[in-house]
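Starting off with a structure, shown below.
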Amino acid sequence: MAMHIDIPVIAKGGLTLLEMRNVCRRFGDVVTADNVSFTIEVGEFFSLVGPSGCGKTTLLRMIAGFDSPDSGDILLDGKSLLRVPPEERPIHTVFQSYALFPHLTVAQNVAFPLRMKGYSQHTINTRTAEVLMHVALIGKADYLPQALSGGERQRVALARAIADLPRILLLDEPLAALDAKLREQMQVELISLQRKLGITFVFVTHSQAEALSLSQRIGVMTQGRIEQIDDPARIYGFPKNRFVADFIGHCTLVSASVTAIHASYLSLATEKLGQILAPVTTAVCVGQQGWLALRPEQLRIGRVGEFSHFPNRVRGKVDDFLYIGDVTTYIIELDSGLRVETMLANSAPGRVHFFDEGEVVELAWPAEVGCFLHE
Amino acid sequence: MRTSATLWSIALLVYMFLYIPLAVVVLFSFNNSELNAQWVGFTTRWYTVLLEDSDMLAAAGNSLLIATMSSVFSTLLGTMAGIAMHEYKFRLLPALVLAPVAMPEILLGIALLLFFRQVLDLTLGFWSILIAHMTFSLGAVAMIVQSRLTGMDKNVVEAARDLGANPWQAFRYVMLPLIMPAVTAGFLVAFTLSIDDFVITFFNAGVSIKTLPLQIYSMIKVAVTPEVNAVSTLLMAVTLTLIALASRIVPDAIHKFRTD
Amino acid sequence: MRGQRKWGASYMNNPIVSKKKWHKQARIDRITQWIVSVPPHLFLVFFLVLPACIMVLASLRYPGEFGGLAPLWKTPGIHGVAGLTLENYRFVLGDLVFVEILLKSAWIAFITTLLCLVLAYPLALLIAHRPKRQRELMVLFVILPFACNFLIRIYAWIIILGPFNLLYSPFAVIIGMVYVHLPLMVLPLYTNLEKHDPLLLDAARDLGAHAWQRFWHLTFPLSLSGIFAGSALVFIPALGMFAVPELLGGTGDIMIGNLIKEQFLESRDWPFGATLSLLLTVTVLAVAQFSARFTQRELT
């Protein structure tokens, strides 16, 4: 189902750098890009996120120039890129496997785009040193890639791609091969680098958590379609449909129908949760069928009778819990049979949980949280 | 990667360069003329002449006999060498096995000639040719078998031993069936090498015996008639069939024809 | 003979098997090792190493009266000289003619190698980028002419060049040499090029490299070890060639191989021939060492 996405709410600078216009691409029976249209602003950190096979890598390749759309256009600064080969586009890619040239040293790898452009040796040397400083690899300039660790190689790949200051930097799951701690470090480095240099980043990942933490705007993709483009808070708080709600963060989805519309909230009838009050986030009419999305952290868990002041309350038994260190996630089985996730911060160190398995508890939430979705 | 037209055209030219001369040889074997200079007319008489040429038939017979015996023995020894090289890390054996392949043939031919005459005081003839052929065929078989072994799952043979098989049983029931394609390919390659060999045979044949390549050589030097083309065509046909067979049996063994 | 035992290693780590049985197993393994290794070693030592030693020895002897080698010891009733001598070396190295012929042979071998490289590289490059099925077929078609009899391949050029009066010339020799050796250059090149990561080419392209730049800065340097391997495989046999110059060349196109052949089959001055052979061997070993140094550095 085609969706024409609106130009998003928050844009830094507001200047459109790249525009994808009705881009379509298919491989045999599989549609990897289904009439995709969106824009990317100058200097922003934009993420494309979605499950494997959703088409995000295809879009990236088309922007880089390694693939062309079957129909539609890709415009940079208003000019079509379609006839421009990859080597002539001011767009560079950081590949998932880094693709460092094994026969060149770190410095030579980084200097590569500058050499291709034909800069003077002096310029090349200065620029290379500068970039290596940015990624803190100046000490290993004469090493060969084989002698570096995974994290270091990643930084070389990054340095190489920004050496000649491209307009856009495409990053294809660059942190996928790194371990968790290194990943976190690199994420911070990436953000600071992007801010320092002001280069537009287009970051592709299948990790929604990564996209949320890094980007200024996120595009959620599935099956060749962009479902929603928004800044992280709005993607998380006001998902447009079930897919986005489910893919970004954890959520509980129940089918619901609108029974009444009030000034600032809706009355919903749900099978599993009873009568619910939810905020008005989209245009609805009475009797409309849809879904209610609830995030775990939005649900308060407590003893029975603790939350009499909340309009939305359900009762259930603790079925299981997951201790992660800073929070404990409880799985509650409601009387109606629905299993719901909820989180509780661990304020008492050394204590794994507050509620025991099998304990009867009450879940409650105010009318201001939750999201009614059409589809 | 889209390959450019220039690359394709050069490649095509190279293939043509490789095959047109051979095609010419085949074509002129049907030339109704004493000389190879011009095409006169189509005939198959040279093949009849060939079949009546007793020297040629004797040479062919010798070649076949030597090739068969040489391939049998060198396949045996070569397989053993291949297994030995793979299982045990010898330093000397790989060098010995590869030397005949990497050196100019003339050196091996001369060395063997000196050895046969001076040390063994052997009259050059059937046996000297046979031994010479075995020496260089052994290496080829060993290489093919060894590369097949490196591509094979190591644990299979160990598993057999672990389950109680003695070395012979492990070899017979596990390793041998797995390397059989390589052994067969090695046999066919050894056969081809033997049938085709010129330089080494040249120095070790003596005066009494002739193999097919030697016979062709004397014909080229003395009197060139399309009979040479005819025997060449037949020889090519045999060789091509054998190689095509070998490549069918072990596609990757052909890849390992490289020496490094 | 040195070697590591690999079979039956699991027995060493198996605590359940009794020590006695382990020893017996180890003994069987050792016997197996001997059975498998001894015959090929024996054969090759006898028919490869020994002949090589004989050749060295032969270069130090006098030529026999009726050809062949003079005896090592003086026996009564036998005429002529006996014993060891360095005369042959003095002869070979003293007269520049022989060194000249060796250099000329090296030059011809070098030209051959260069031409083979120029012709083989595009072909190898093309094959390396084709899908797997096509690749194997194309490689097979490169090998097939090589499998044909060496003499036939030379003979073909006798037929072709004859009518054009190009026979018995340096040109004919070069064409013959290139023709005979070309497939040997293609294979190592192809094997190397096939292993190149295509993503690297994409990365180079992404970073602004045009087609020729991609070749020169990426493909070519990464293929150097293949180039050296192929060049060695062509240069070394080419150096010792005699059939091509003899059948396709004129009297002025003689190579060291021809000289050696002459000594052994016509002049019957075996010591001299042996000395020349050793000269050739030393050159070949030097070239092999030189190229081995470059092929060791695998950069992929």
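Order as written gives the chain letters A, B and C; numbering starts at 1 within each chain.
Keep this in mind: contacts are C-beta pairs under 8 Å (C-beta built on N, C-alpha and C of every residue); 3 or more make two chains touch, one makes a residue touch a chain.
Only a predicted model underlies this, so the values are computations on that prediction, with no experimental measurement involved.
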Most contacted chain pair (by C-beta pair count): B-C
Just to be sure I understand: the centre of a chain is the mean of its C-alpha atoms, right? Then which chain's centre is nearest the mean of all of them? C
Taking the mean of the C-alpha atoms as each chain's centre, how many Å separate chain A from chain C? 59
Roughly how far is chain A from chain B, going centre to centre by Cα mean, in whole Å? 62
Rounded to a whole Å, what is the gap between the Cα centroids of chain B and chain C? 16
If you look only at chain B, which of its residues touch chain C in the complex? 1, 3-4, 7-8, 10-11, 14-15, 17-19, 21-22, 24-25, 28, 36-38, 77-78, 80-81, 83-84, 87-93, 96-97, 99-100, 102-108, 110-115, 117-119, 131, 134-135, 138, 142, 157-158, 161-162, 166-168, 170, 192, 195-196, 198-199, 203, 213, 216-217, 220-221, 224, 228-229, 232, 235-236, 239-240, 242-244, 247, 251, 254-255, 257-260
In the complex of these two chains, what residues of chain C are touching chain B? 1-11, 14, 28-29, 32-33, 36-37, 39-41, 43-45, 47-52, 54-55, 58, 68-69, 119-120, 122-123, 125-127, 129-130, 136, 139-145, 147-153, 155-160, 162-163, 179, 182-183, 187-188, 191, 198, 201, 211, 229, 232-233, 236-237, 239-243, 247, 257, 260-261, 264-265, 270, 273-274, 277, 280-281, 284, 288, 295
Which part of chain C faces chain A closely enough to touch in the complex? 197, 199-200, 202-210, 213, 217-218, 221-222, 299-300
Given the complex with chain C, which residues does chain A contribute to the contact? 64-66, 85-88, 91-93, 95, 97, 99, 101-103, 112-113, 115-117, 160-161, 164
